[in-house]
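Each structure below appears as structure tokens.
Common to both upcoming complexes is chain A, partnered first by chain B, then by chain C.
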Partner chain A sequence: MNLSPSSPRWLYLAIQRRRNRGLNGLYLVVAAFLIVYAILFPGLLSIGGFSKFSQNWFPLALVTMAQALLMLNGGISLAIGPLVSLGAVVAAISMGGPAGAFGGFVAVVVAGLVIGALTGLIVAYMRLPAIIVTLAGSFIITGVALLLLPRPGGYIPDWLSQALAGHQPTAFALLVVILIAWKLFLATPTGIGLYAVGDNPVGAFRSGVPVERIRVVSFAISGLLTALAGLFVAAQTGSGDPVIGTSFTLNSMAGAVLGGVGFLGGKGTMRGAIAGSLLLSVMINVMFFLGFPPVAQYVAQGVIIVGAVAIPVFASRWRKA
Partner chain B sequence: MKAASITRILFRNPPLLTLALVALVWIVAGATLRGFGAVGHLRYILELSAIIGIVAAGQTLVILVGGIDLSVGAVITVTAILLPLISPDWDSTGIVGVVVTLAVAAVIGLGNGMGQVYLSVPAIIMTLAMATFLQGLLVLIAGGSAVSVTNEAVIWLGSARPFGVPASIVVWILVAVAVLIIIHRLPFGARLLALGANPLTARLSGVNVNRTTLAVYALAGLFSGVAGLLVLGMNRQGYVGIGDPYLMTSIAAVVLGGTSILGGRGSYAGTIPGAILLVTTTALITVVNASPGWRSIMFGSLILALLLISGREAQR
Partner chain C sequence: MSRIASNLHLGRTLLASAAVALFSLTVACEANAAATCIKGDRKAPYTVGWANIYSVPTWMKQTEGTIADEVATLKKQGLVKDLMITDAQGNAQTQIQQIQSMVDANIDAIIVEAGSSTALNRVIADACAKGIAVVNFDSLVDTDKLTAKINTDSNEWGGAAAKWLVAQLNGKGKIVVMNGPAGVSVSDDRRKGAQPVLAANPGIEVITETNTEYNVAPAQEAITSLLFAHPDIDGVLSLGGALSAGSVMAFDRQGRAQVPTTGENARQFLELWKAKKLKGWATMQPNWLGALSVYAAVKALQGQDVPAFIKVPLPVIDDTSIDSYLAKAKDFPADGYIYSPYDQALFDKLLAQH
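So, the complex of A and B:
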């Protein structure tokens, strides 16, 4: 194989190395936490334990991807939690209907895409800041979820719960499929445009990137991922709950920022965001396993998030000094 | 003056536009709804606006420097629960408890600033993490039960009406004057606007970025603390979650007042009518007597609609 500095393959690897540079520390921390977790809880290494672990991680990974996707093109969403709840509610009320489980799946996909696209249309074409639009949107989406299902309930077929949240690592397999799909998406003009729009909207516009359309597409995909996370949560719990997703708004942002995705757009990688969500998930699991009361978990989570964001900054300062 | 030029003046001046919206809503609602225009009802709306307005005073300063404070709700809850617990019995006026609680609120705000200055954590993450941290700490301290207030000073704040004006509105006027002076008359205000518009230029022009950031977040904590005392005075009880509704409303009030969420542009003069507009909207939705779901939908849609009028970012 030809690996001279001018070959495309050499360039590709050099770029990937550079994008990974800030993340090596994160990978080490994640690996350390995973090892601690495996020592505390050897069951992790069995298929059943691994399945349970990946099922706890999966919805968080999805919403972190959804948030990172928006942050990469300069947006943000404060409506992630409500949309997870809505996804769960839509799944729980439509799967018992005449269209069955497949109809319910389609309903969740459509709900996620439509709500995401509407948000994107408002942000892109009316030029309102994403943080405010999604803030208002979070009230609207919460209201819709409450209207559809005022109290927890609904129906999820048992075989679906078994298939998604049973003793097989289906969730992990789905995550791998989604990551491959993301890699393929990045190879399309829209995928490259996503980064370009986040990094420099004016420059992207001048280079012929359809800035507005890409914003709408990214919001739509993000809505889809979030609603699917809701479907998964509904399958996990066996029912729908109009407020089940609340904690996901904060955790999605925390995961993305831990993974090195910047708020100003164009900076960061999806693999970093995934690693960030994994770190968060392992942390929560370890605290649970060590018998921290749920309250102390809040305290520890606040401290650890700040610490994990601050440590890379310190590391780079020491390197310079 | 021609109608066209009036609309142009309004759209060039967001605070005036928001004020005009409030006037419009009040006139229409007063003419169509029985009891809306009663002095007692309008005074009640202003009392509720005072709390949001005071929280939003800190939020305005923070947003003007280009940050955001997502811990204001948690700080309100902290003050509402901490004050009854730490007010000493020997102090019959309750002033000691008030001063200590406000100091704690300011220190929490300072902590938000320190995280950003010394650890380089982004504002949104720092304040969110602070909120999470405080939420856990509170349940550990208070054990999840409500605490009643016996502090005389706080009860006075919640119920007194010197010259017929509720004390909370008096406090709001004081805060408003102070914040307007800070932003528009003091060098500190010029520095924070410069910092929000362009941090690099501000630093190169000799603005002490670290000190300005610390001061702004400490002020935001202090104002949330003041609001927390008012909430406690009105409710006579502090419980976990009492401050939650004020987080989103404070941000919405700032943005409805025409302050740019990106920082560097805006004024507290817009936030004042913004807060009144929000409370009026909520009051009107309550009148309609809908289910919680519909109320939430209407509130979100109205914020969105109001934003279309007053919250647009400049064209690229």
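So, the complex of A and C:
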């Protein structure tokens, strides 16, 4: 392998190293939490225990990816939670119909892609701020979800619940597949453009990157991931609930920011975002097994989040000094 | 059948043998009559978990108090070892995760205040399959794979309040209906319960209805603006405690004479009721539903057959009993609920119903 400073491979590794640097602290914190969790609950290392844990983490991982994807190109979405709810509702009302489970899956995919793309079109071509468009979108989507299914209910075939959220790590396998797909996507011109548009839209435009189109594509993919998270939640719970997703909006942002994704675009990595969401999820279980009372859990949660963000900052200062 | 009836002797023999069969069946049932989920392999002292959806509201804090008290009592009897409490911070997804952790920790009983009527179904069924006693109260789930559900009847709540108000007004007058938030099942169910009573009394005219959060300030605001528009309001059918307090304060601020008002056991309302000498009526969602849930779970674990649904009758506060409630007001938070007294005898009686 040619690793001289002028080779593309060397450049790639150097960039990756620089991107990882700020995240080593987070990785250490996540690893520490996972080890503590495994000590407190050895069942985590069994297939069943690992499956259940990864199932509870999976939807958060998906929406964090969806949010990070937008933040990387300078966007943001306040409609993540409502879109998760809508995905769950669409799945729960369509799977009992004539189209069956597959038809329901297609409906969810279409809903996610269309809503995402529409949002992207408005943001990219009408030049409206994403935060306003998605805020408005969140009300509309919540309303639609409530119209489709006013009270929790609907139908999800049991075999689907068992397949996605049974006693085998399907969810984790899906996450790995999605991460590989993301890696492949980044190698395409659109994927490279994603970072470029977020980092320096004018520069990207002058270099011939189709800025608007990339924004639309990123919103569409983000919408797809979010709606699929909704489908998974519906399968996991065996039903649709029109407000189940609400807290995912804030948690998706928390996961992405914890993972080092910047609000201004072009900064951050998907692996960081995934690690951020994993920390948010494992933290809940560790606090339970440590027997924290609820009030202490609120405080601990805040301390852990601030700590996980602060450690890398202090670490880099210490390195410079 | 007619042939058997014609032959008296044969009929008697058959009856007798049927009775014997029935009796032995009952005995057999009682010998291993266990509540749902219970396998009988868990021994005291038990570890109890309370999976709460949101611990911040005053009602929840008071409910947590009754649970902690009950656990302390059962600890003394050597029946309970530990209480673990989780707070899902309003997120049903987190609640699934926390109940899963309780299952992973293999605790003996899980008390659930649900954040969604459907989302917890599968994790609760998982817990039940592991022989964990699962008791759900107040905000209910729609699965039946659990030990018991405990609640009052919201329809009855609305019906009883409406009946009292109609009687106060002698079946004639203009009233305002105060509801909780739209689209919330408790608020819907209370209103639905009041409807047949109002429909049966055409002399009662509902001028208008309000939908607000179960808080004093928004309720007071809503009634204040109604008072400007309507010079003649004869009664207030309030379907929530803090709502009534807001209404009474709005009447008071505008110097209007108080009218008959229904409500809940919110301390603020009860104190205003007495201070403003109004005609009042109140019921409650007793906080000790939490304590009862713990008690029911432990009884089920000990092998007692616990009914799948335990309907708790609504305690009523009226002019004859309000003084007994206000006498203990200082033991309750200023924005809290003064609940009716409870003891083991009451719990045993409630568990014995079938």
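One rule holds for everything that comes next: the second predicted complex is superposed on the first by the 294 of 321 C-alpha atoms of A that agree within 3 Å, B and C clash if a C-alpha of one lies under 4 Å from a C-alpha of the other, contacts with A are read in each partner's own complex, and residues count from 1 in each chain.
The rule is short, and it goes like this: a residue touches a chain if its C-beta (ideal position, glycine included) is under 8 Å from a C-beta of that chain, and two chains touch if they have at least 3 such contacts.
Just so it is clear, the model here is predicted, and its values are computed rather than measured.
Colleague: In the superposed arrangement, does A:P129 touch chain B (first), chain C (second), both or neither?
Modeller: First partner only, chain B.
Colleague: For A:V216, select first, second, both or neither according to whether it touches chain B, chain C, the two together, or no partner.
Modeller: Neither partner.
Colleague: Output check: A:F288 vs chain B and chain C. Expected answer is one of first, second, both, neither. What do you get?
Modeller: After superposition on chain A, A:F288 lies in contact with chain C alone.
Colleague: Please indicate which partner A:Q297 is in contact with in the superposed arrangement: first for chain B, second for chain C, both, or neither.
Modeller: After superposing on A, A:Q297 lies in contact with both chain B and chain C.
Colleague: After the superposition on A, what does A:K52 contact: first (chain B), second (chain C), both or neither?
Modeller: In the superposition, A:K52 touches chain C alone.
Colleague: If we overlay the two complexes on their shared chain A, which of chain B and chain C does A:L146 touch? Say first, second, both or neither.
Modeller: Both: A:L146 reaches chain B and chain C.
Colleague: A:L231 contacts which: chain B (first), chain C (second), both, neither?
Modeller: Touch status of A:L231: no partner.
Colleague: Need the overlap of the two footprints on chain A, from chain B and from chain C, as residue ranges.
Modeller: Looking at chain A, the two contact sets intersect at 146, 150, 295, 297-298.
Colleague: Please name which positions on chain A make contact with chain C in the complex.
Modeller: That would be residues 41, 43-44, 49, 52-53, 56, 59-60, 146, 150-153, 161, 165, 233, 236-241, 243-244, 246-248, 281, 284-285, 288-289, 291, 293-295, 297-298 of chain A.
Colleague: Flag every residue of chain C that touches chain A in the complex, lowest number first.
Modeller: Per the stated touch rule, the residues are 52, 55, 84-87, 89-94, 96-98, 100-102, 104-105, 116-122, 142, 183, 185.
Colleague: Show me the residue ranges of chain A that touch chain B in the complex, using the header's touch definition.
Modeller: 122, 126-129, 131-133, 135-147, 150, 201-202, 205, 250, 253-254, 257, 263, 295-303, 305-306, 309-310, 313-314
Colleague: In the complex, go through chain B and note every residue touching chain A.
Modeller: 68, 115, 119-122, 124-126, 128-137, 139-140, 248, 251-252, 255, 261-262, 291-301, 303-304, 307-308, 311-313, 315-316
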